[in-house]
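Pasting a structure below so you can have a look.
So that you can tell them apart, the chains are marked A, B and C in the order they are listed, and the count of residues begins at 1 in each.
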Amino acid sequence: MKQQDSSPLTSPHKRSTAEEMQQLISRLYPICRSITGNGVRESLRILQEYIPLQIQEVASGTAVFDWRVPPEWNIRDAYIKDHKGNRIVDFRKHNLHILSYSIPIKGSFRLEELIPHLYTLPEQPDLIPYRTSYYQENWGFCLPHRLLESMRDDRYEVCIDSSLKDGFLSYGELLLAGTSEEEVLISTHICHPSLCNDNLSGLAVCTFLAHYLSLRPHRYSYRFLFVPGTIGAITWLAINEDQLSRIRHGLVASLLGDEGDFTYKRSRRRQAEIDRVVPFVLSELEKAHKVIDFVPYGYDERQYCSPGLNLPVGCLTRSTYGTFAAYHTSADNLDFVKATQLEESLQVYQAVVDTLDQNRYYLNLNPKCEPQLGRRGLYALIGGQNDSKQFELAILWVLNLSDGQHSLLDIAEQSQMNFSLLVAAAKALVKGELLTEIQDVD
Amino acid sequence: MKQQDSSPLTSPHKRSTAEEMQQLISRLYPICRSITGNGVRESLRILQEYIPLQIQEVASGTAVFDWRVPPEWNIRDAYIKDHKGNRIVDFRKHNLHILSYSIPIKGSFRLEELIPHLYTLPEQPDLIPYRTSYYQENWGFCLPHRLLESMRDDRYEVCIDSSLKDGFLSYGELLLAGTSEEEVLISTHICHPSLCNDNLSGLAVCTFLAHYLSLRPHRYSYRFLFVPGTIGAITWLAINEDQLSRIRHGLVASLLGDEGDFTYKRSRRRQAEIDRVVPFVLSELEKAHKVIDFVPYGYDERQYCSPGLNLPVGCLTRSTYGTFAAYHTSADNLDFVKATQLEESLQVYQAVVDTLDQNRYYLNLNPKCEPQLGRRGLYALIGGQNDSKQFELAILWVLNLSDGQHSLLDIAEQSQMNFSLLVAAAKALVKGELLTEIQDVD
Amino acid sequence: MKQQDSSPLTSPHKRSTAEEMQQLISRLYPICRSITGNGVRESLRILQEYIPLQIQEVASGTAVFDWRVPPEWNIRDAYIKDHKGNRIVDFRKHNLHILSYSIPIKGSFRLEELIPHLYTLPEQPDLIPYRTSYYQENWGFCLPHRLLESMRDDRYEVCIDSSLKDGFLSYGELLLAGTSEEEVLISTHICHPSLCNDNLSGLAVCTFLAHYLSLRPHRYSYRFLFVPGTIGAITWLAINEDQLSRIRHGLVASLLGDEGDFTYKRSRRRQAEIDRVVPFVLSELEKAHKVIDFVPYGYDERQYCSPGLNLPVGCLTRSTYGTFAAYHTSADNLDFVKATQLEESLQVYQAVVDTLDQNRYYLNLNPKCEPQLGRRGLYALIGGQNDSKQFELAILWVLNLSDGQHSLLDIAEQSQMNFSLLVAAAKALVKGELLTEIQDVD
């Protein structure tokens, strides 16, 4: 495709993937995103330079389950001026200064009238908080608490040059078709303004994961969603309800650039394959991590795992929702997200999709006693030695447990052998006509 | 009812419940009870002053499963006199002095003839043991070992003025009808003579628990049994065999006044709802306790949990059967049972019945994605904040797990949230038409 | 039988069983066994002096599942001579010197030609290793590494006077018929030359276990197999495939004379009755032991537990496969195996078969409430005492859990009571017509 020829991924001056993810984040950081509006569209268009994303537009007012797609919000400018005419709070300096979805307003307010519209963090007095009011008409500014404390004027001039009217909700979607129609869903939220870990890190890792998958054959079809949080996921689910049964595994991706250990939050099913694959991969890669049970708050797994859908979708982050100091503040900036962390996160996601893709069920075609492996070159010819060879052990494990009840992951867990070695053993046995893949399990 | 108007529970000089339980125990303590006889009837009549108990009478000889209701035993007097005519052992001084169900006897015995009929505790030489011989005709006295050691006369005059003849077995029964015919069974043994913890404490707590339930609406019907141990439970079960399927939960109540930690002994089913509710309540109330598995000895759970009945009946005590020094001795007296312990035991039983009664299954009526809670006033309108509100979390948990498979107890265990908060969340969601109670589970 | 009259087990000078096992091992030690050949036949004929073993012969070339019975191998002499004519490696001095299944060869070899045919243990330089080449034609010698290092001649004279030609594979089989046709399989490998722990210890313990069982009535039929490893088990399984469903439990016996703790390796089923009985017996006998999960390598459980057969066969050894220094070397000699260990191993195997044989399901014939045990002499007649009698408790446990779902082993595990006491309680209850054995469970 012509577009790809000129994409940042094929530029002549080859950067490392980690640098490219950081560069992408730097480009996206200044844009003011919300759950709708031009900031989302502009961000998605930048992602299209990397991967062949489709941008979907859903009209305001569309009924999606219990919700309706809200009016589209756009903003050009906003400020609070003191009596000298100085912009003491200035949207042009930081997107976080505006309460997201603020209605337009212009006028002079007495300080005490203004205060109910000002949001600060008294315990982190130098930071701007991130606040929204999507579903109740309101207006407001977010600012450092120290600035609020220094406001001494009687009156302030206030301007919010925004618009809130019928339009569209935009989201990005990419399907990388595999040999099977069964899908792996990777979903990330795109609605946050200038917050790097939450969630430009998710956008970057998902973009580069999609690129990685686009370069190799795979069994599953992989569907990437870049959606505004909550309403975007609900909208996609409502529109695609009749196709959800294709989803065999899924992950919500977010918070992937901080220094925290990995955290895997299980799907509501608790024992789905994804709930075993992710901890297995993290352990095999020797990444410090914790596994937590499903709870019905957090990111869009709330929607994917609602009881009427109950999709096998977990959530893989580094730090978790609300547990780091920079969370939902202006401190979640370009310095907060590190290249090594992004790269390590991408590596884990790659290993997860590789493991999902290679995790198959096989059937031992010679299940009564062991086959004579020696004459097939699969077993040592001198007996009596004690240095058990790992590949021979892998062969024996795959043969013994390939009864239609055990996947390679089951065999890996039971044998505590390396997954790739078991994959190689299975391939050798298939080649030796001692094993066959089972196509339809469940 | 006229009777209730004059009952101790409505007396003008209001005592605390703890004091009233102690007063009831003091009234019952001097009465000589056994598995049949006037002592049981008199005790049940006293309980009728508190709760509208029915006294049931079953004739001697009635076949009840493998057993027959025994003859009725009554006793007026019993003693051993020395050569000076002194009553050295005197039934009028302590009910425990008589081997329960002793046949009448009168005569002079040489010391060596008498000794096989004397029961003592050599290791607790100042205490009178409690001994019975219900099913083999016998006679005997129980006395302090020191007294036995001091008996130096050659002959003693012995008199037991008892009667053992056809009559009735008496027990108390009270059904507090709820909106459902499904029953909770609370059973306590009434056969012990002057032993306070075992089991006047059980009588007192059950009486006041019944009173507590009589004052409020409840879903389940509560059936209280005040029965002689073993034969009373067997008799009730045999007579009511065709109605046992109504029993959904049950507890055997005993040993509720000592200083020991609570002990919950699971039903034979091990995983019945009662087996989860009692430990849950004890934990939520932060009561030190232990949970032990079912064993086929102890109190009347032996009968309720026999394999052919297998009712979901556990046993909730403080100390356990045979594990405290005063057990089945004259040291289990009015001083041994403390008001604070009785009150705490009653509080736990009340919380258990409240939890059983409120533990329901609900169905999320909007199970695909979350409903829009904000417009129903069930969710914060300013987004982005991190101080997760407990009631909102309770709402989300109830919605997410109300799929017909999870009761509120399941949700409480999974979420580790307060049970009452989940009850309140469920009520708010029912009111908001987002949830409905499921009437028939199982 | 005449044969038994003159057998070592009925000799007039009575030795202890431990001594007899050691004597048997001493007789078998000098014989050169392999997977076929006269050494196996001679060994089996010695066992026939102890137990009425049948010797089975299967012709070379017979197809057995994926394998064929190999040619028969026999050897008379083998040596390496130096230039002085000294036999520096001499088969007549140690059976291990020959690579098992070496083809005949005679000639003069230069040292560098010879070296690829010499097997040593550089890290255990004084020991002769045990090596085989059953399924690829080859020849070779095994020798101490120090001897190899001292070989300085340019040429050596080599002779292997062996034969490898169509013949038979021999194995021993003994069925001790019980009252039931259901079988317990005890399998041990007979193919190793002069190695005492691996596996003359297994031969000795199995022989004396069979003798033990032949002297007492038993429910199960016990089938003993003395087979060459791998090919012998495969051959027996292939020939008897249609009768495998009779096998209810099984054990592979090996490594039973060393000083290691017992090791039980579970069957592939992991939860088979044998997988519970062996650890239970080891615990009840207070033997230090470990229980490990099934892995698809080790001894002939590899074949019995192949996925298409999946027999409930575990493996009970002391040390395990490949984990002790003497393993598969000339150090596994008569000094390595101790009489006390052999005796203890036999004791454990006896307790295992006794427990298997006595583990039954019973049905409580009076399942509603407890039966009145006192009038049947099964319960104390004086009530109120606290010294719970173990036999009464055993009676209550057996009654409570004999609902058709619990075997005596289940009851023993749940009650933590002694298995023999429960057996005795069950017998007393059967005699009292309160219990009946269930014949067909599953």
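Note that in this section contacts are C-beta pairs under 8 Å (C-beta built on N, C-alpha and C of every residue); 3 or more make two chains touch, one makes a residue touch a chain.
Just so it is clear, the model here is predicted, and its values are computed rather than measured.
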{"item": "Rigid-body rotation angle, chain B and chain A, from Cα fit (steps of 5°)", "value": "120"}
{"item": "Copies chain A and chain C touch via same or different residues, half shared test", "value": "different"}
{"item": "Mean-CA-position distance for chain C and chain A (Å)", "value": "56"}
{"item": "Multi-partner residues of chain B (at least 2 other chains)", "value": "none"}
{"item": "Residues of chain B defined as touching chain C within the complex", "value": "64-67, 99-100, 119, 129-136, 138, 230, 233-234, 237-238, 241, 268, 293, 295-297, 302-303, 305-310, 322, 327-328"}
{"item": "Chain A residues touching chain C - in the complex, by the definition given at the top", "value": "364, 366-372, 374-375, 381-386, 388, 393, 396-397, 399-403, 414-415"}
